[in-house]
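Working notes for the structure below.
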């Protein structure tokens, strides 16, 4: 299919891609077809810059907000580049629902649900959750967060962590872990330290890249995801999309852990700023926005 | 929504407040809570909007796809509503917990869009009997602080207003297959006509009184609610009772009158808000905060 | 008292009755329940019949549609019979996909009735278009011998189907239907199924009720048109002697003749 | 489409033959709506309703059951003993109604699938909403009453018939209730109102009209003795005066149906008593 994807700034720095030709097959989304278009691309240009202009060791722009919702015990929103994730935390509370009879006597039960908005991807998803991929993600999330939460402080209770991917552009899992950590902080759940996740890849067979975007993911380099406790330098979860050469893995892992430390710094700063601000009135309604006035 | 537990005394307090037309948060019976609207915040969608009505938070994305028209309606496009009650709103929605509510909302929306007078599906037709646009209106409920129906409908109308449908440049018939050439310019789009798209107005009966825009606590005190789909010019496109409980015919007729008035005001307010937001987006470098604010 | 006795010890309750060659509903063991057949009661279907055997009620509706034939059998149409046991008919069933019982009943009915019509007469244009008869039998009241009622309902409903004439334009590959001009289907045979329940390994109950079925130690269904035996279905359970089997066969033949007569009367009175 | 291997399957696709009807036959009725409504197909005046037939105790295996016929529209309903709400962890103060409405595959103009579709789900919900206010749900906390409705033939006014039928079946099953529920429907197109429309008229009322005109369908369920509307469902597009006008007409019709339902119940009670006394 003759398909060209035009990356274009639309409004304030938002990328918008547009497929020029659409076949007559029904049910074909008018979304991006970046993967097909970019197979020929190189992950790293001759100038040593990545597809989106970053340097190999440069993270995407991270913006976050702690305390998005008022009803949840804790909530947070994070943007890592164009990947946008919302996380909420309920608890610790009495176990309820199906977990009612499964609670643990000496520690808290951590319950995670990973879900993706149906409009979060280029091609519309049919179901927001319940498929195998999101089940797996839910489990991985729980595994990483259990390492950080001081579950022994909350026996016979349950902590619910729900993450919702609003926009997916690579590194979904990482953004989810980071958002969940912020939400846990907001909920006041006791943590050993922040659980931070970051991904890394390898370009041209030698140069490690940090914080992989969707474009780079689909270009097909090997991909390493690490969830770590960066202060103590412990790895909570590590996953590889495909095999790495023995010689390459250490440096890719090092780059990913480096990324984790960087993200940790950003998150920590955000938390400190948030705590400073919570003393004042919440920022609601301060910015001039289109209010619906009756 | 999340675990509202009220004692009898608290319920009576709310009831008395409604009786004297002064609700807990200082509103009168027909006042809405503050609302905020932001357009175009989901880049993967053709149109999107987020509406926050006090604690109720709704995000809507509209995506377009090419589909084959229904054989019984060959000259009409399709529109499909999908509601996802995110567990972010309340742990009760985890897994399949929110499905009943989601079906209720999406069914009500499709009923109120059913009439050709509310939304012109014919404009979505590309080639009679062969190709048409299908709009997927995906609604994500992120927080429920009462009055879901109204907030959802506002967000849906705003997202449809924001939707850009790519223009079809050429069509080539190749046997039974059709090749569509869409315009390569992402700005070469057309907008949907949302003039007659209704807004939903929920009237909640507390005691003998009908109030609009109930909070979660107020919903908890009420036995019966009425949902109306009201258009800009005060026509009712759909009407249904939700929740348990029943109405006296007199209350119902009064509800129709009040609901229509409120609906007209709501549509007008939304229109103004949309214009304002549109203007903001057209500015040179509009600030996009989404959930960061 | 009798009601309590029955709930506490249903088997003994039945034994007491059967010791006097009588069943609780007043029938002798070999007597069948009354049957009513009603056709064309549903106007939205192309053919329909309602059959009651005692309390058991089955509605059969046939919808004819046009479809493409299978490549290996280009001239044969389709008969798609399905038995539905909705939750409405008994507390034994829940909403959702068909229960095991419904599935096995569907198989039984499909097998008993597969030879009824020549599927070639459902052909409109070989390789292109054939009639598809969607035959849905819905049980409204589940009180024993539902499969018998299904077979009767299908047989009666099939005789009321009137297919409109269709012309197939070979060039545009589109059919044109003339609703004014309709024809009946030619039905070759008329199988009737009769079921028996074996109580306490020896007593044979003809046309058992739901209760009798659930208490029985074995079941037997005979499909016959009065002269030929199409099939005998005995899914396990206690054994039967040859003479008992012969009795069942002759009872079934009698009943088949009777019911086929009833179907004929019902259809002729409907026209 | 997912393959259903628990049923016998026909070919993958098949079409209703009405689609290929000769064109002259079809358009006659559709192109001239006013014609259809000046003389209704069954000879009724515009505001006349159809004859209604009701019967209780039709399903021997159910706790309570009823059958309702609005000339060609045929609906059957059965109600079962309350049972504990399955898969529920929290205790619920009120009993629940579990309503499932299903169209028989052959009940409509075009064949229906075996699985419940979204229209059936919507009708089920409306049915539930219509019945809930009438049932004393505090009498059976943490239990649910199963109500199954099957539409055998749809010739308009399905929801109304289903509500009336389910109300009777609940009463027949001795479920404690405040009042009986009866329902009625009405169609509007342009300036014309049609009481108790048949399927063809319903379709006509759902069809688009010129801008500024009214069209649509209204269904109302009423508890007659308390004059309480338990459910109202409107589709289409109409002015609020038109809706309230329709409401008052429908309430009247519901009130007319109410004594018929009462008589039907009385008759079934008399029957059971006389049966008991003879045995």
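Lettered A, B, C and D in written order, each chain numbered from 1.
Operating definition for what follows: a contact is a pair of C-beta atoms (placed from the backbone, for glycine too) under 8 Å apart; a residue touches a chain by one contact, two chains touch by 3 or more.
Everything numeric in this text was worked out from a predicted model, so none of it was measured.
Engineer: Using each chain's Cα centroid, which is most distant from the centroid of subunit C?
Structural biologist: A
Engineer: Max contacts between which two chains?
Structural biologist: After counting contacts between each pair of chains, the winner is A-B.
Engineer: Where the centres are mean C-alpha positions, what is the separation of subunit A from subunit C, in Å?
Structural biologist: Subunit A and subunit C have C-alpha centres separated by 59 Å.
Engineer: Approximately how many whole Å separate the CA-defined centres of subunit B and subunit D?
Structural biologist: About 28 Å, centre to centre.
Engineer: Taking the mean of the CA coordinates per chain, how far is subunit B from subunit C in Å?
Structural biologist: 50
Engineer: Which parts of subunit A, given as residue numbers and ranges, touch two or more other chains?
Structural biologist: 96-97
Engineer: Report the residues of subunit C in contact with subunit D in the complex, numbered from low to high.
Structural biologist: 41-45, 48, 55, 57, 59, 61-70, 78, 80-82, 84, 86-91, 95, 97-98, 102-103, 106, 110, 132, 134, 136, 138, 140-143, 164, 166, 174-180, 210
Engineer: Considering the complex alone, what residue numbers of subunit A touch subunit B?
Structural biologist: Residues 4, 6, 8, 10-12, 14-24, 26-32, 63-65, 68-72, 75, 77, 79, 82, 84, 86-88, 90, 96-97, 111, 113, 115, 117-122, 124, 128-130, 160, 162, 164, 166-168, 283-285, 287, 289-294.
Engineer: Provide the residue numbers of subunit D that touch subunit C in the complex, in ascending order.
Structural biologist: My answer: residues 4, 6-11, 13-18, 20-22, 25, 58-62, 72, 74, 76-78, 80-81, 100, 102, 104-109, 111, 114, 116, 146, 148-150, 152-155.
Engineer: Given the complex with subunit B, which residues does subunit D contribute to the contact?
Structural biologist: Touch residues, subunit D against subunit B: 15, 19, 118, 121-122, 125-126, 129, 132-134, 137, 206-209, 211, 215-216, 218, 223, 226-240, 243-244, 247-248, 251.
Engineer: Please name which positions on subunit B make contact with subunit A in the complex.
Structural biologist: Subunit B residues touching subunit A: 1-2, 31-32, 34-38, 40, 42-46, 48, 51, 55, 57, 59, 61-68, 82, 84, 86-91, 94-96, 131, 136, 138, 140, 142-145, 154, 166, 177-182, 184-186, 265-266, 269-270, 272-274, 276-277, 280-281, 285-293.
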